[in-house]
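Chains: A, B, C and D, in written order; residue numbering restarts at 1 for each.
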């Protein structure tokens, strides 16, 4: 992939939280890339560090106690980590924006929906109030909400409608990248499908790249062209849909697929991964997955696997594949 | 987190440093017996520093500001018995006579003649105008004297006047008839309690309205009363006498004692009453202020309810008295600003006889307790209300009685409850004070007449007889003999135990002149002149 | 003891109290508050031993002495040792502060919870009676009660308790109403819990935080109210010492003998400070959302 | 909205009636005889009895209560026993003073308390946060008259900058305002801090930041507006409190306030003045509470929609349902 086309490059990123109970190693040396218009899924159980990664990119990690310990985040070649506060502010909402998980609490309850959309427009495009409101109405229509409802308040909208407003806010200045942090988890299945379809249409129309954070492999299969599996702050397997879904290499990914009901294979019982997510303050030695790994070897307990490219564009962190 | 705590303590230290950073001369507190206010000569001489002939100072001031400790209920001197009323009314009304250097000098009345024991002829000035412009005539004087006779606040002073037969002979002369010979009459007519009111003005509005907008003949005229804040008086243009050295007089109501002191120190007020004794020495040292102090005409005493079965017993009263060190009570309760009471009226009152102070003899007290049958302990009770000096006396007495095995409980009630208990005779023991309104034994012994004795309840006819005799004999030597016999008798019966002759005083800026301490506590404001 | 991340053992079930204590003990300020409170309670209980002089012993030779070795906090206008009076005063002030608070809190919470939980007419009636009670100034209440049943601590206590009921009721009602709509309350209703069970088991623990804050503030106020009552002559009967009345009596001596005002003032401030520090700590410990 | 206001005002009447009844009851049972207080302790028994009869003090409780209520409905608060002036004149002479002082106290408390509270919430765990928390705790714990006297000693006596008492000009207001508002400032700071802390943790604050909004605007527009409700509640309580107010502070600064008037009236068993001043105070306090509740609606649309179920709003709601996007999701209306 030529560098010009590479929109986002994350290299060896580590983010830790320094709390009284100890150092929480939320994200440990992850790296991935995202090209323009490309959609990548970031999958993992809760506590794998997905949201911290997203906030790291947006520069919204609460400090204290959180801090970026190492690594670079190159956006169009420029490292965001040493960008000034002002530059970051100009990027946010214009070049990249974020959709949060729970629509019920993501909107300011005492401002009208229209104001909240117009705010991001006025921040980045020197428009008068009237023009900004007009554009806000347009975007509202785009996400399927009648424009007259601009002057209403968030509590007058259903969950699904609120998420559409959040999306409208994110897409208002047609950013190059959208980071969606589990956008549909809080919604019912029927609404989930509609919201995902809406995001895909807008993505094609505006050509925006998307980093979709979720724990739902089905949603990834349906929306993304690349996927990365995260476990205990590390990317354990990354690659195109075909590589990861059909040619799964990492035991954790296999485990994830094993715990999914599938129509095609007739199986009585699902095979869950036993045990719980490791305590990020006290990660196990060697490969963090080894205590729960069915085909764990002796060396797994002591040596940290290195990221190896098993086939073009398909990377795995597992001693068995080195 | 430790920083939070350190900050809290630091702030508190800072606060206390500010509070006590003023130069507290922590000289040893005045040990009893030695009066610490050097300024006042021997307490008997009531005049304070001798009269420097005030140079006719041309210095005039726009406002004379006086600070009062409470809001008067009315300015009508006949409708109240509290100092705040008389201080407010002193400059508005004028008496018939005035006392200067112990001599009865003419004022509104130019001359008097005692026709016989029951009639007094007064000739009045003819050039006196009321504030409402009417001329003062004999009718006004008759009306004022009769009002004084009937009002229950002043009937003790003017009750002897026969209201039917007192009449105006002509515009300038009044014939005053008496129901019985009454020696202190002229004394009363020269006091602040005698005020010539305008008959026309009084009758044009009801009594209470007059109390809030009085009309008199004095140098100052009533202007405005902002309730709870101040009373403003302004100069009376057509005043017949010498005009005062200030245009207006503002009486401000400042309830908090420390605020009055502060206002005096910062010049917010020129004169302040009821300064708490703690501040006296500081005001004396301060070059900008002066303290005018002296023995008041009041007496604080331990009052027994003699109708009560326990305190009616003379042995018990004396047992209690012997257990009390009167000297210590007076000094502690008034923080050194009082002398131990050794008689039944202030020493400055003619007819005063030294009979005490009561001997402090705990052993004798225990003996008397045994005689009275209470050798294994006695329960007594005080009832009082929130009054700094009375409460102080009671608390000191309480711990003294404990020494001789008398356990004493104190019940603090609010004033209204106290007053109604007093009227229904439910008060066991309490500490009270009486103050003479005129320097005459009849007024000083106000608590003793049977008709008035709601607290003492002694119902001792012999006392009433002596009081009547004293009041009705004109010759001073005979009066002194009668009152001497009465005071010995009271000392023998001990219906009450005299405790203290309080030294009172008021503060003033140092540029206030011709303004001396007056035992009645009601100074002459109009005479004030200003230095520099 | 470090809980091993990988060990599959079950997590020991800690009772709510231990859990709160663990989190509370980490908050150093709350511990300081608790320490001061402990000292105060001990001084109150062992006042007779701690105080060098009986609280009512007068010494006319030593009136208005500034602090010295035999009189740690100096003497008052009767020559009584202020330090002993402050020590004994802790007994009365804490007694008045806590008992009146318990009374006020108890009644207030019950009314508040009922009003908040049931809403509608009951809510209206209870709230309007609270407004009536709130409308009557504490001082009028105090004078009336003190005059009818005689002045003294009990009447001051009742007056303070009665006048703090409306505040508690209002705080508890507001908290109950927000908690009532939460899912877990509906969940327990669906499980067939009757109303009192729900109020006690589910609603009270969750509204403990505002009650504690109101309580810690309340105690300071009630101690100071005792001062204004004694200022009116209705507070504690002499010679019983009580911080509030000592403070208001010492006012006249403040200029030259400021130590007389400072010691009771600091005693009150320390008590209320300790209560607030401990109260805040307790509230944070009880509020699971507040991760440090 | 108007319907709601009318309902609230209508609700005030029973409360005021309740208060007047309880006050009358309390006064009826309190010993101490007003006639005696007027005539002083020199009066004889007969004189006192005659005055009692004249003032109707011997009538039964209900007779007196209904006579008082009768007059009240005609707008007559009765006459004060001591000064014989109509009660309303006495109160109206003091009302502006108390209202002015209470108003300045609250404005001062809000101007100081809210910004400091927000500052210490935003700068949590820093030195500023510690200082403000200590100040807040000291403000609550410090007896106000002690603080008042300290201020007078420092600024009037030692430095001589400010007058010590009275209210005859702007400079006179400074010390009383500071001393009375100390506790209010403390309480408002604490509430502002805790409610700001609560709001800053909400998701929509991150949404605002994700829009690239300036931090100052995020805090003072998004966060503060949401944190206003608890702050308003406390401001309301403090304002109502300072109306009945710091009787002792009023005494220290010689301010003729209603608080002092009421206390003296009680001491003198001046029943009409007591009831009158308590009623006026309660009316003022209820109006303040109503005003605060209306402010809620003004600030928070969720509350506003509860009050005004106007037609236009409900139609729009139904409109949304048919627009295709299902509303089965979430519990939102």
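Going forward, contacts are C-beta pairs under 8 Å (C-beta built on N, C-alpha and C of every residue); 3 or more make two chains touch, one makes a residue touch a chain.
In this text the structure is predicted, and so the values were computed from the model without any measurement.
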Hop count on the shortest chain-contact route linking chain C and chain D comes to 1
Looking at Cα centroids only, farthest away from chain C lies chain A
Larger contact count among B-C and A-D belongs to A-D
Chain with Cα centroid nearest the overall Cα mean is chain D
Averaging C-alpha coordinates per chain, one finds the centres of chain B and chain C separated by a number of Å equal to 45
Distance in whole angstrom between the CA centres of chain A and chain D is 51
Chain A to chain B, mean C-alpha position gap in Å, rounds to 89
Dist(centroid_CA(chain B), centroid_CA(chain D)) in Å evaluates to 42
Touching at least 2 other chains, the residues of chain B are 1, 4, 8, 12, 19, 22, 258, 414-415, 417
Expected list for chain A, residues touching two or more other chains, is none
Check: chain D positions touching at least 2 other chains come out as 30-32, 137-138, 149, 153, 267
In the complex, the residues of chain C that touch chain B are 28-29, 32, 56-58, 60-61, 63-66, 77-79, 143, 146-147, 150-151, 231-235, 237-239, 251-259, 261-262, 266, 269, 273
The chain A residues in contact with chain D across the complex are 58, 60, 64, 88-94, 97-98, 100-111, 119-120, 123-124, 144-146, 148-149, 152-153, 155-162, 164, 166, 169-170, 186-188, 190-191, 194
In the complex, chain D touches chain A at residues 125, 202-204, 206-214, 222, 225-226, 299-302, 305, 316-317, 319-320, 323-330, 332-333
Chain B partner, complex, touching residues on chain D are 30-34, 36-37, 39-45, 47-48, 82-85, 90, 93-94, 127, 130-131, 133-135, 137-138, 149-150, 152-154, 156-158, 160, 163-167, 251-254, 256-257, 260-261, 267-269
Contacts from chain D onto chain C in the complex sit at residues 11, 14-16, 18-19, 22-23, 26-27, 29-32, 137-138, 140-143, 145-146, 149, 153, 187, 201, 244, 247-248, 262-263, 266-267, 274, 278, 281-282, 285-286
